[in-house]
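Letters A, B, C, D and E name the chains as they come in the text, with residue numbers starting at 1 for each one.
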């Protein structure tokens, strides 16, 4: 299967990918126009505290008197934003480092590979926790920066491997023999062939960012005044929501994280199938034996 | 069955045991050095005792412990303790005035142990003779009585003058502490410290509870849960929605009582930024609905503070109601507008402020969230920055903030907290470390009041505190928001004798030392 | 031989880089350990006392950075990490030694179980492609693998701990009032405490193994040598295990070794949620308590275990897969 | 000579996303004991699929859609795995298209031989070793290579090791799918000679697939020409070569430049093989056939017996004899 | 005779193999001297790994020679400096790669390479006409209807179709020499001949030269004017195709010709003639590389590398035995290939 333009078609043709894409689309809409999903347009508006679900509040209100459903809807934006930003930035870093490692060759390659491997074995979560604690994890740029720093290496390694396998592919030599410049070869001949790997890599990083961000917020190293799912969980946890009849305060954001994560994972799962035709599902017909 | 039975099976006896649920944040190190602040809460009150117990809740009412009595000279520069006869250390050796003098001189020799800075604030000598110990001060030092008599645990000379302890008392682990208190450490694991009644304790027949388990809780939730289910009987932390979570689980036996002890306040930088302008500070003081902050931040479990800085009802005798009424600080949008206008702010030019707080202090975070929401419609944008404790401290001490959310340690009378807030000796120029006056308030007149207080009589002391309240109200150097309390949950199923609002014989929180000793001595098995 | 030398070289260089990072990161943070100490004494301390404390704690920051760095490297090699500030005055190595068995027991065992179980399920669903197991299990576990650790933990607590009124404990490594030791009561208690945390790790990590194993088996099954094995008349089950699974698991070994290496740090959030007295939780408290010596020691520990695991997996793969040996 | 294998009306379909594709369509084939049958055809015409169907080694998405494979009197299509197992390798062995992939890369040659023998009840270590060494030497490889991994052998050696493995039990039928196509001319020739020699020596029958027509010309007794999933012609090799009964066979032969003789311009066969998903309604070769006539576009030709040869061409239909004469003249 | 269009002198390519410690030199092409004249098809045959593709790649400047020089139109390639000069060489000498599965970028339609080539090398074709031009060359290699093929992606094409795309790319530049590395190996038998015919008509009608690398000796005979035979990095025989095939002089050529299956002839060789593997040319020592497999080998063959000598007009052979038979023993060593 051609890695590039076929992706969209392949996603639509793959049940799991389609499910993932639809879920993701809903989250994207909620992030862009949360107003569509709730009548309360200020997630911090206060009502009576700890109302049960129903009672005019779909999931009830929390100990702060906020409407949990509204919080959930408005929390989508930050969670998604972090995922996408980290996904994009880390992808760019891994492309630059991975592909140039493969193309530099020699000492440059060795150094970049070493850098990649070092970042790969350095424990990410502890590092994030340390950096977040001291650099002010609450600040979005810091958070994104930290996630990018710890998130790029795996993708870089994969991209390097792929680029290495391309390095001696004849179509690159064919382009060179045609008279193309090196920059053209890298940007227009190599990158397009790695589209599905880059996409899979992006999804992987986004999932990682989503879970890590939520984890950081949860243990209280994020920005607790942000509207995000991790923050909701943080507050729910510190307010003993599970024990005080506010289960939805915990279940809803966790479920949202899980669903968004699942949409990434499903898409990624599908990308595996798209990238490797052998994995594609086959229909089995009853055969006379 | 609940109650203390969980611990009773292990030591074979049928006697009731007590389990304390108090979040320490870490596991135990099995060190009990009472001068090491990270572990002193495990030894003071249990193993080590003070000379005299001073009750902050009852106007500094004194209960003699190791010292039978104490006496100030009339110039309040000499303090004499008479040491009780017949007290034995838990290893059987007698406790003498020598031990007491040794303890204080140990602090002198090792500055790292002198946590209350006794020797750098006027204490000049400590000498024992017979059964008395005499202390000499360079200035009248009556307020230091609290630190000397109540806050300094007495340690045995025969242990601390030899070996490991003598070599480096700061790093001394003190794994097997020898003290004079009601308990000894019978077993220590990183997960749990077990105490056993001290057979040599000088109060006959006490303590009535023979075994105590003090598990290490690293997080609130499990501690809360153990309290709610009755597995632990003595709690000392914030339980969200305590009525529903805790009391409702066992309406007859689960109780709580939260006596206020100090203020949680907003420190306002008086030296730089918008808050150097009194009008801005006043606008802020009129902008906050403290009751609502309490309701949202801690579910109403903390009382709101008054601008005078007097913790109520604890120190109600000191409160100057008339002065407070004159200013009438409470949320008032009109006044906010007026003062903001005076300072030159308007809707076109809103006031932008940032406030620092400690990340991980979730109650503070929630309170600031609420304050931020309150200020917004009033034209004040508050940027809440939750930063790591160390960074926070660094900024707080150096004056590198506009607003800072924080609290003082307080003491048994309003004087202590007010002095921490307002005395110029406790401050420092921006960029240097201030020890407690973070707002950097300084006024000759106020300083004179503080200097006069230690030597003054009771009536004059009240007058001085009234004047100091006036400073708080007029100059708004800090804005007290909520009163911090001594967190206290208790279970009466198998144990009685707990302090209550009616019988406030000690600060009730298990982490309040040495008040915990008073509680332990009052407790007894039910029936 | 060259293979070994090269891998060892990589190991040493990476270790050195990681240790160096580890040295500099805390020093790039604002403040210093002395101030951390001051904060711990709630500002009641006067400058003299502070000086005295600094010396006592070995927090003398006057030495040039380079000297400190060399000393640090030396100490790291000899395992001297100084005393912990949180658990003052316990040496860091003791503190870590207390926590390590818990993590190894909980996360280590769970990781092995997850790997075995996931590989087994993956093998079967890959072999019986599009069978019932294959159409249900992999997608389900792909979804569960996207759930946050702590949230799964919370839900498990809600259902199995609160729901059963504490039959399965939700916090700690064991009942603190028990006497730790090799007695049945204690061991059963430890296992009971491990069930929920280990279940949450299992739920989240097993999906990855299932999926990779399944995909590897599916690609392996398409290989001609599997068809060949069938042509030889070898029984189906034998082919599945001896040919398909054996070959398909090879690429997973490296991942398994690495995840074993990450055991030490991997389940921070689970340990946090369940208040489990392991290394991950300890790291978290070291961070919040600004306990640099402890933090550095844990980092070194984690990095070294990961590196060793990677090294072992390299050798193991080389041992089991002749192709790798000759390729390098 | 007796009939060892009788394939009748065998069809195989692949399930694809755009519906089932028939890759082998109603193929008849019989093989006598000790006979060397060649199958030629262009790439993708269904040769490998046919072989797998005969050996019952199809995997999804492929499945037998009809027909019978009678081997030693038993219909293999109707047998289950348990019934097939004893026949496999002992009576019928397979040499796959690419030896690199057909040998398990992580097992030594020795172990792969042993696996096959153990599966058929030979347990004695000595017996296994002796037999392994025997067959390896039979194909001219030193016995030390029993301990080698596949990747340590060169392409030609791997092919030979495969062939040796196929001979572990001296089966009655060895199916070979392009065993030499990855080799260069010289190596190819040498391996073919060896196979032929072994076959004559041990007396097994061979079905040999290739798309290189000239290769089979020297080695096979009978030749089947496949085109677009169908059998086009089947008969004694010499006869097919000398007077091809099907225009496609003739086209193939004409497309070969000669190594000797005069250099004459050749034309090949214009056009391309049909797409398996969109077959012409009549004869599949009709769009490219130089001899086509009206009926070809609508009538599906059957297999007609022409002397010793079967051919699927309407020219041999009794109804169209006139046209056939025309064809022969050309 | 005018100067040849493309000429190689002492062309050598050495690859470094192995790691840091045990470095070796693999002589993929060793001291090759040959020339390709205008309007000539030269076939290059030889066993797998003998260095055929390496020669083509050297000529296409995929990588530089380790030693030796390539002359184009009488000018050395090492003298090309500016990008314009390099581009003009690239336009004149395009290459068709051996493996059609890896030589087309899977991310683009098949028109991509052709259109890019036109943009770089055919300024006379306006941007809007490039698509038409692409269709024209596709039709020329027998891919019709071309309008349908241009929009396809490589994965939608068979190996044979891809191979023809590669050839079409080269055609689009209006080249002078096409370096065709096994351009028909994947074509079905019935189509192969069509492309061979395209090659001959290119030569006959447009005077295009070709280096035709192949394993298929019969097809080489069909199209080529001259043939060069390689063995283990060296050219062992070269001459007019009929001479080389009709009367091979080098023992390897003889083996090769004998191995070619001829459906219409009787099986000539029944004996096992060639076992043994072609040598890898790693750190070679002097001597004939075929000596170990050669039935005629003598002592001199193992110690002295036979030079490529012109044994008959236009026929050059590198073999001690053949040279001796032709009366040109090892004593009269006048290297061939330099006298043109």
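Here, a residue touches a chain if its C-beta (ideal position, glycine included) is under 8 Å from a C-beta of that chain, and two chains touch if they have at least 3 such contacts.
Keep in mind it's a predicted model, so treat the numbers as computed, not measured.
*Asks:* Could you tell me which chains are in contact with chain A and with chain B alike?
*Replies:* Shared contacts of chain A and chain B: C.
*Asks:* Indicate the lowest number of steps between chain A and chain C, counting one step per move to a touching chain.
*Replies:* The distance in steps between these two chains is 1.
*Asks:* Measuring from the mean C-alpha position of chain D to the mean C-alpha position of chain E, what distance in angstrom results?
*Replies:* So the centre of chain D lies 32 Å away from the centre of chain E.
*Asks:* Distance between chain C and chain D based on Cα centroids, please, to the nearest Å.
*Replies:* Spacing between the chain centres: roughly 54 Å.
*Asks:* Taking each chain's centre as the mean position of its Cα atoms, how many Å separate chain B from chain E?
*Replies:* 91
*Asks:* Hey, how far is the Cα centre of chain B from the one of chain C, in Å?
*Replies:* Chain B and chain C have C-alpha centres separated by 40 Å.
*Asks:* For chain A, jot down the residues that touch at least 2 other chains.
*Replies:* Where chain A meets two or more other chains at a single residue, that happens at 133-134, 237, 243, 282-284.
*Asks:* Show the residues in chain B shared as contacts by 2 or more other chains, in ascending order.
*Replies:* Residue numbers touching two or more other chains: 221, 225, 360, 388, 391.
*Asks:* Please give the residue numbers of chain E that touch chain A in the complex, ascending.
*Replies:* Touching chain A: residues 57, 60-62, 86-87, 90-91, 94-95, 97-99, 102-108, 113, 116-117, 120-121, 153-155, 166, 169 of chain E.
*Asks:* Within their complex, state which residues of chain B touch chain C.
*Replies:* Touch list, chain B to chain C: 6-7, 10, 19, 25-27, 29, 31, 36-39, 110-112, 114-117, 120, 168, 170-173, 187, 189-192, 194, 213, 215-219, 221-222, 225, 229, 360, 388-391, 393-394, 397, 409, 433, 435-436.
*Asks:* Considering the complex alone, what residue numbers of chain A touch chain B?
*Replies:* Chain A reaches chain B through residues 44, 46, 49-50, 63-65, 133-134, 136-138, 220-221, 223-225, 234-235, 237-240, 243-245.
*Asks:* Residues of chain E touching chain D in their complex?
*Replies:* Residue list for chain E touching chain D: 47-48, 158-160, 186, 188-194, 196-197, 215, 217-219, 221-222, 242, 245, 255-265, 267, 269-270, 272-275, 277.
*Asks:* Hey, which residues of chain C end up touching chain D in the complex?
*Replies:* 129-130, 221-225, 227-236, 238, 242-243, 246-247, 250, 320-323, 326
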